[in-house]
Every structure is written in structure tokens, then in C-alpha cells.
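See the structures that follow.
Two complexes come next, and they have one chain in common, subunit A, joined by subunit B in the first and subunit C in the second.
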Partner chain A sequence: MSAAPEVIAAAPRAGGCALQRGVLGIVLFVLAWEGIARGFHLPSYTLPAVSDILASIYAKRSILFTAAGFTLTEAVVGYVIGALIGVTLAVVITLVPPTRAVLLPAATAINSVPVVAYSPLILLWFGIGMPSKFVMVALAVSFTVFLSTLAGFDRVDRRSVDLLRSFGAGRLAILWRLRLPTALPLMAAGLRVSTVRAIIVAIVTEMLGAYGGLGWVIYQAVLQIDFVQVWGAIFVASAASLAFFGLVGFAERRIIFWK
Partner chain B sequence: MTIGHSGLARLAAAPDAASASSAPAGPYLLEMKGLSKRFGSVTAVSGFDASIAPGEFVTVVGPSGCGKSTLFNIVAGLEEPDAGSILRFEGKGCHAHELLGKVSFMPQRDLLLPWRTVIDNAVIAMEIEGRSRKASRAEARDMLPEFGLAGFGDQYPHQLSGGMRQRVALMRTFMFKRELMLLDEPFGALDALTRTMMQRWLLDVWRQHKRTILFITHDVDEALFLGDRVIVMSARPGRVKLELKVDLPRPRSAELVTSPEFIRLKRIVLEAIEEEAMKSFLASGAAAPQTDAMPEVQP
Partner chain C sequence: MSASPLTHPAVTPGGSAALRLLGPLGRLARGLAILLAVFAAWEALVVLFGIRPYYLPRPTVILAALVQTPAPYIQGFLRTLSETLIGFASGALFGIGMGLLFFRARALRELVFPLFIVSQTIPVIAFGALVVLWFGNTLFAKAAIAFYLTFFPVTVNTLLGLESVDPRQEALLRSFGASPLQLMTRLQFPTALPQIFVALRLASSLALVGAIVGEWFGDTVGLGVLLLQGMYTENVVSIWATLLVSALLGTGFYAAVAGAERVLVFWGAEQ
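Moving on, here comes the complex of A and B:
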């Protein structure tokens, strides 16, 4: 019994510790990287020093930030479209149960292949500009969001549905007042995972054909044998990805307060 | 013009009209005749007959698994009885699903929505009816003290005790203003002390709100303490084993349970219930050695 208060007292400290350790880990990792790259005089095509990469990012900041804006636009627009499609499909299946037998296998079949496999076709159909990236990102995001939302809708307690029915609620009222809030935690998990997928798919598709964006910058830098630039673009992409992930995670914690 | 006329006529005859509208319907609010329900090879309820008059408090007791919940699901409109069952509500024969939205139903678990405050949980039925959110919230706020929830209106369910959660669920049921209320073991999960407090409180609320209550329980004391009438159900398939009028004076106080009259009624109910409990015990434990099981249950 005496353990309980200790645990409670220790909890915030452990949280602080975790953050400190995380920062410490990153600092050590960067220092080791810098030390190895400088100490062994590694050529930039093997591993450039972190300081060189940061300097390059600063020097080429306008190119990189423009590219990051490009990629983020593609990722966010595709993400929103994909999330809407995913949620809509799950809603349709829930409101019209017979559609489940048609929609679920079809969605699974389309997604049993890595999304990137569709990119040549999508580039052919939608061109090299942004629309093809919207489609690719939406394709990747919609399936994840669809599955997690559907799982959330199905998780609802049968007795709660019966209670609302006894109040005279129809399917739509039950969806809005019960299924949607019940599904939110699972939906949010799907949405959070999808942020990183959205950026990855946007960058990969850019590498296969684009007029701009971080993937395009990486591809061009490889052609010009500028590996510091490749790393610079990777750093920026990683930061953009983390920011997107963090923003959605923050929204999730604000909205789903009861968990 | 004609509409105005009939409206006036009704107004003029108002005191009579109220009783007249239910008079041709007979004195009963709900009638069940030969109610049966099978699930595959299991017959949950078979030939259940009972009628409930407006304003009555009827309690239903029975051994576990006697089909009490099936009966409630039918009356709540959630489950359709088998062909041949007769269900009449407000004097008119009807299908079970027509009762959806006409009976206020409270299941065993409180089933409060964790993302809604006490007030918002209480008004959910009114919200579904399409009433103004502001007005129903104000009404709920006024009802809080009566349900022992004063000052807790903006709390979330996880911040409340079990007894309070149950009172929020009851408040939700009361706010869905329907003549007939179905309460399915609402106090089953509470400790004995909270339970007796809640029973007395429920009688107070019932007296003030003048509703008809059908109340399921497996506690004989509770059934007798609350009810105008106790219906004892048989072992599965559920029928009416015994119907007992409880002629104890109201308002009822805690001492009632030790009065000779209460004990006399309790003995009658217990006897009937024991016989049925034995049947369902033997039916479910058919594999167990019966000679050993019998004497253990009998005293």
C-alpha cells in the first residue's frame, strides 16, 4: 500500500526524465555522428558531418523551405482528401450494412499492393504536377483511416445502441451521438499514423516525377552528386513530418479528453 | 373551423376526456397475453400474461436466466415477440417495434456516455426527440437536486461514484417523459446500504412524477418494498408463476421490511421463487449429483 503514493510522486519525475533522456540521446547521437564523420574524414557521399549539413540547409534555406512547403501542401491536401474518403466509406458501410460485403474486399484488394506500385499509373493519369501527389497520398491515407474508423464504429456497445433506439433514435442519430465519439480514439490513432505515411508517399512520388518538393530536391541532388544537399532535404523532411505528427497528436489529446 | 370546434369540445370536456381516452382502452396501460419468444432451440419466454394499470408500480422477480431481460427487451421495443403473442399498449394492439420511443427504458448498466457531462447525459433522450438543447439543459439543471446531483451537473461520469452514476441514468430515464418506465435491476450493482437509500428515494420520485413503473429485480425484499404488485416468473421458459398484490401502506419506510405483514408476503414469494430456482438449478446443473444438490438448497 505504501508503494502507491511513491508511484504517484514518481510519475511526473519519470516523465521529465524521459524527455531529458530523449534530448540527451539525440545530442549524443549527433555528437557521435559529427565525431565519426570528422574523425575518419569520411567523404560526403558516405556520411557528411552534421555541421556541414546544417550549414548547407542554412545556405540553401530558400530552396529547401520552398520545397518543404510544396511537399507539405501535397501531403496535407492529400491527407485531408484521404481522411474524408476513409471516414465517408466507414460511415456508408455503417449506415447501409449490405455495402460492407462489397466495399471492404474492394478496398483491401486495392491496398494489398504497396501504394507506390500505383505511382506510374497515377503519374500517367494525373500528370507530374501536384494532383498526382494528392491522389497518391489520399490513396495511402484513406485506407488506414477507413479501417481504423470502421473498427471504431464496430467497437460500440450493443446495449448503448439499444438504449438510444429505445429513445427513438435512428441510424443517423446513433452514428452521430454514439458511434462517432466511440470511434474517435481509434480514428485518431489512424489519423496520427497517416501523417507520416502522407509525407513519405508525397516524397516518394516526387522522386518519380515532379516539378518541385523535397523528393524532387533529393532526386536532383543525387543527379548532381550533392550528398550534403540530399541529407539537408532529409533533415527538413524529417522535421516537417515530426511537426505534422505532433500537431495531429496535440489535436487528438485536446479533443479526446475522456480517455 | 372544424378543427377549432373539436379543439374547443375537447377543452370543455377535458377532465372527462383524459379518462375517456383511456377508458375504451380498458384500465390497462400495457397488456401482454401469451407472450412468447424463442431464440433457436431456447425458449426464453412462453405464454407470459400480465397487465399493468396506469400509475402502478409492478415489480418482476424470478430466478436468474428466467427470461426477465427478454421480456423487457420486448416491452422496450427492441425485440419482436413470436407470432401469436399479443401486446397491447394504451389499449391498442401493437408490434413491439412500435414501442420504440414510447417507453422509457433503463438497462442494468448505467451506459453513460463518457464524453458527455451529467447534464448532457441526462438530456440525450430529449435531444434525440429534437427538443431545444437550451431548454432541456435548463430543465435538467433544475432536476439535479431532486436526484441528489446538485453541483455535479458539469462533471463527467468518470468523476462520479457508482450510486451517482446510477442516479444520472435514472434522471435520463425520467427526463424521457413517457407514461411507462422500464427499470432493469437499476440498483443491482450497488452496495446494500446505497441500495436501500436509492429504493426509498425512487419511491419519493415516483410519487412526485406519477409514472407507471415496471421494475425487474432478483431481490425479493426490493420487489416487495417497492411494488404495488409483484410478479414472480417461473424458471425458463418464463411464465407468470405468481402474481401477488402488495397491500402495504405508502409512503413506505425502512421499518416496513420487518413488519409481520411484509414477512408474510415475503414467505409466499420466497416459496414460489425457491421452487422455480430449484428447477432452473437442476436444469442447468443436470450433470451434478442431484441427491447432493437438493438438501443444500432446501434449508
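Moving on, here comes the complex of A and C:
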């Protein structure tokens, strides 16, 4: 039993240090990158220096920020549509149990193909404007949210359901008062994971055909062999993903205060 | 009974007690029956509503296309399969190794782990452009992309699994004089194994995504190439045929990983 107090004592210490070490790790990594790229005079198609990439981002900020806005719009709209579809499907299955036998295999069959493989088909169907990106992002997000929400609804203790039912609660009341609060942590985890996926799927689809966006910028830069620009777009895309992820994570901590 | 268990094997592999009683043959038959039902419903829908083949061809037309010219699909299947397998295997080994390392060296974990997280926000296709540039248009460039998508979830779950070991069990083993190596092989690693397999199942689909996306940079063989060719020639039947082959590859690979899980984690700790 001697290990238990050690674990408790170690936890807060690690928490205080973790952030500093994390920042230190990233700083060291950037310095090593800069040093290697400058020290070995690496050509920009192998590895451009971080300072060059940042300078290029600043120089082309209007192009990159317009593109990031384009991509974020696609990702957020698709994300909202996908999340709504996912939650709705899970609610339908929970309220009308017979639909489970149809909806679950159908969803699993659609998802047995990797989502990005659908993009050529979706581009043919919906054109290369924004709608095809909404569809792709919604497709990617809805399945993750659907499965995590359903797993959350199913996790409820059956005795609690029986107790509520014995007091005369209907299916809707059980869903609202018991299943939804129980499912929220799992649902939120699905929603959080989906943020990064949403942006990545939007960018992947843009590269196959689009009028604008980060994926389009990356594709053009690859064609023009401008690899500093490719890295610049990658940096901006990473920052956008982290911001979206952070925002949803923040909302999660506010809404699920009991966790 | 609104709380009935999930019924599809792909969602809870070996999940409910009823499915376990059915055995692997029963599960297979069930899966095939569901597949046939989906195909029949699809065929009926297309015929009933008169959907144009440009939007949704009938499954029989797609299967006929597969049977008439099987060569490119078989070649593509094998090529994409080898890329997926190499990327998955290297990613899984690297991920488990990093998980063990991070578990041992806390300072190293706190230094490197944030970098791992940031690396996962890089859009895979942009990374793909760079990888193909670095390694040339080879099989290994594609496997490298599959590797990049695979290692992160495996690292995270290995670490989580190792940290979920009950300290009292650890203290007990240590009191009997177990060495750190024995502690790892007898207690810590077996405890982490179910968590690791959760990540491996997820990684099996991610590795396939990496391989397909990697082929979009001017390769000549592979399922990703067939998809792009189908898009440029607006050959919807060929796109659907490739999607079916991808589904076969993805489901087969997933089932293989889940099967390995049932054999290795025979005590059946799923959650």
C-alpha cells in the first residue's frame, strides 16, 4: 500500500512541470529544426528554416488568412451538420429501438470505406464548390459522433432506467433526464476528436478540386514547387485545428462541469 | 427494451453474450446476411426510384464491372494492402515502443508528447506531398504516410494502459522480488494489452486512409489511383467498384486485428 501516497504526491508536481516541459520541448524542437536547416544549408524543398517559413507567412498573410477562413467555414458548417445528424440518429435509435437493426448496419457499411475515399465521388456529385466539402466533413463527423453518442446512451445503468420507469417516466423523459447527462462525456469526446478530422477532411477534399482554401493553396504551391509556401499553409492549418480543438474543449469543460 | 446491446459485430467485436455464443461462423453468416440485405435494398431503391447510374449505379452493374476487368482492382488491392501493412506494422511497433519509453521516462514524455499532439494536426495530404518529395514515389513513401497516421493513437493507448495498472498489484509483485522486466512482462504489459488493441483497431482503418491518400501523388498502381482515374474520367461505376474493394480491404484488415485481439487478450477485457 506504500505506492498510493507516492502517486498522489507525484500528481500535482507533474501537473506544474508538464506545461513548462511541453513548451520547452516545442522550443527545443524549433531551435533544432532552425539549426539543422541553417547549419547544413538544406535546400527549401528538403527542409526550409522555421524563420523563413514564418517570414513567408507574414509576407503572404492576406492569401493565407483568406484561405484559412474559407477552410474554417467549410469545416465548421460541415461539423455542425455532421454533429446534428450523428446525435439525431442516436436519439432515433434510442427512442425507436427497432430502427437499430437497420440504421446501425447501414452506417457501419457506409463507414467501412475510409471517408477520404469518398471524395472523388462527392466532388462529381456536388461540384468543386463549398457544398462538396460540407458533405465530406459532415460524413466524417457524423459517424464518430453517432457511435460515441450511442455508446453513451447505452452505458446507462439498467436499474436507473427501471427506477425512473417505475415512477412513470416515458422514453423521452428517460432520454432527457438520465441518458443525455450520462452520455455527455462520451459525446463530448467524440465531438472533440471530430474537430481536427473536420479540418483535415476539408483540406483533403480541397486538394482534389476547389476554388479556394488551404488545401487549394497547398496544391498550387506544390505545382509551383514553392515549398516554403506549402510549409506556411501547413503551419496555418495546424494553428486553425488547434484553435478549433481548444474552443470545443473549452465549451466541453463549461457544459460538463461535473466531470 | 431501449437498452438492448449493439448488434453489429464490427461495432462491438465479440461484444454481447449472445453473439459470443454464436461463435465466429455464426458472426460471419450474420455479417454476410446483413451485407446481402444492404445490397438487395440498394438494388431495389435504384430500380424503384429510377436513380440515374451517374449518381448511384446498381450493385449488380458494379459487380459486373469488377468481374469483367478484375486485373487493375486485384493489383490495386495488393499494392494498397502492402503499403497499409508496412505502415501499420511500423507504426504499431513505434507506438508501443514510445508508449513504453514515455511510461519509464516522465521528463522525456513531457518534452516530446506535445510535439506528437501538434504533429497530428498537420493535414495528412500536405504531409503526403512532402513525404513523396523526400522518399520519391515509392511504396515506402506511402507506408510512411500510413505510419504517420498510425503511431499516435497506439502511443497514447499504450501509455494509458500501462498507467492503469493497480499500484497494489505492483507492490505485491515487487514484495515477492520481481525485477522491473518481470513486472513489465507479467503485469504491466498484459494489463495494457486491451487498451493497446483498442488503438490498433482504430489504427487499422487509419493506415488504409494513409495509403490511399498517399497514392494521390502521381502513382500508377493502387486503389487511390483507381479512385482518381474514376473521378477524372467521370466513371462512377469504376469509383464504386474501387470503393467496394476498399471496403473489403478495410473490413478484412479490421477483422484480422480484432481476431488477433480475441486470441491474445483471451481473458476478454474489452472495455
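One rule holds for everything that comes next: the second predicted complex is superposed on the first by the 246 of 259 C-alpha atoms of A that agree within 3 Å, B and C clash if a C-alpha of one lies under 4 Å from a C-alpha of the other, contacts with A are read in each partner's own complex, and residues count from 1 in each chain.
Going forward, contacts are C-beta pairs under 8 Å (C-beta built on N, C-alpha and C of every residue); 3 or more make two chains touch, one makes a residue touch a chain.
As the structure is a prediction and not an experimental result, all values here were calculated from the model.
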Check your understanding: Between subunit B and subunit C, positioned on subunit A by superposition, is the outcome a clash or a fit?
Key -> fit
Exercise for review: Return first, second, both or neither, reflecting whether A:Ala169 touches subunit B, subunit C, both chains, or no partner chain.
Suggested key: first
Practice item. Check the residue A:Ala49 against both partner chains and state whether it touches subunit B (first), subunit C (second), both, or neither. Key: neither
Review point. For A:Ala83, is the partner it touches subunit B (first), subunit C (second), both, or none of the two (neither)?
Key: neither
Review point. More residues of subunit A in touch with subunit C or with subunit B?
Key: C
Practice item. Report for A:Val113: first if it touches subunit B alone, second if subunit C alone, otherwise both or neither. Key: second
Exercise for review: Go through the superposed model and pick first if A:Ala210 touches only subunit B, second if only subunit C, both, or neither.
Suggested key: neither
Study note, to complete from the structure: Vertex subunit A, Cα centroids of subunit B and subunit C as endpoints: angle rounded to a multiple of 10 degrees is 90
Exercise for review: Using the superposition on chain A described above, determine whether A:Leu191 touches subunit B (first), subunit C (second), both, or neither.
Suggested key: neither
Check your understanding: Can A:Leu139 be said to touch subunit B (first), subunit C (second), both, or neither?
Key -> neither
Check your understanding: Least CA distance subunit B-subunit C after superposition, rounded to whole Å?
Key -> 12
**Study point:** Intersection of the subunit A residues that touch subunit B with those that touch subunit C
**Key:** none
Point to revise | Partner subunit A, residues of subunit C touching it in the complex | key: 1-8, 10-11, 34-35, 37-38, 54-55, 106-107, 110-115, 118, 120-127, 129-130, 133-134, 167-168, 170-171, 205, 208-209, 212-213, 216, 223-224, 227-228, 230-231, 234, 236, 239-240, 242-243, 246-247, 250-251
Point to revise | In the complex with subunit A, residue positions of subunit B that touch it | key: 73, 76-78, 100-105, 107, 109, 111, 113-115, 124-125, 127-129, 156, 158, 176
**Study point:** Residues of subunit A defined as touching subunit C within the complex
**Key:** 1-4, 7, 14, 17-18, 21-26, 28-29, 45-46, 94-95, 97, 100-101, 104-106, 108-109, 112-118, 120-121, 123-125, 147, 150-151, 154, 156, 158, 161, 171, 174, 196, 199-200, 203-204, 207-208, 214-215, 218, 222, 227, 230, 233-234, 237-238, 241-242, 245
Point to revise | Of all residues in subunit A, those that touch subunit B in their complex | key: 157, 159-160, 162-169, 173, 177-178, 181, 257-258
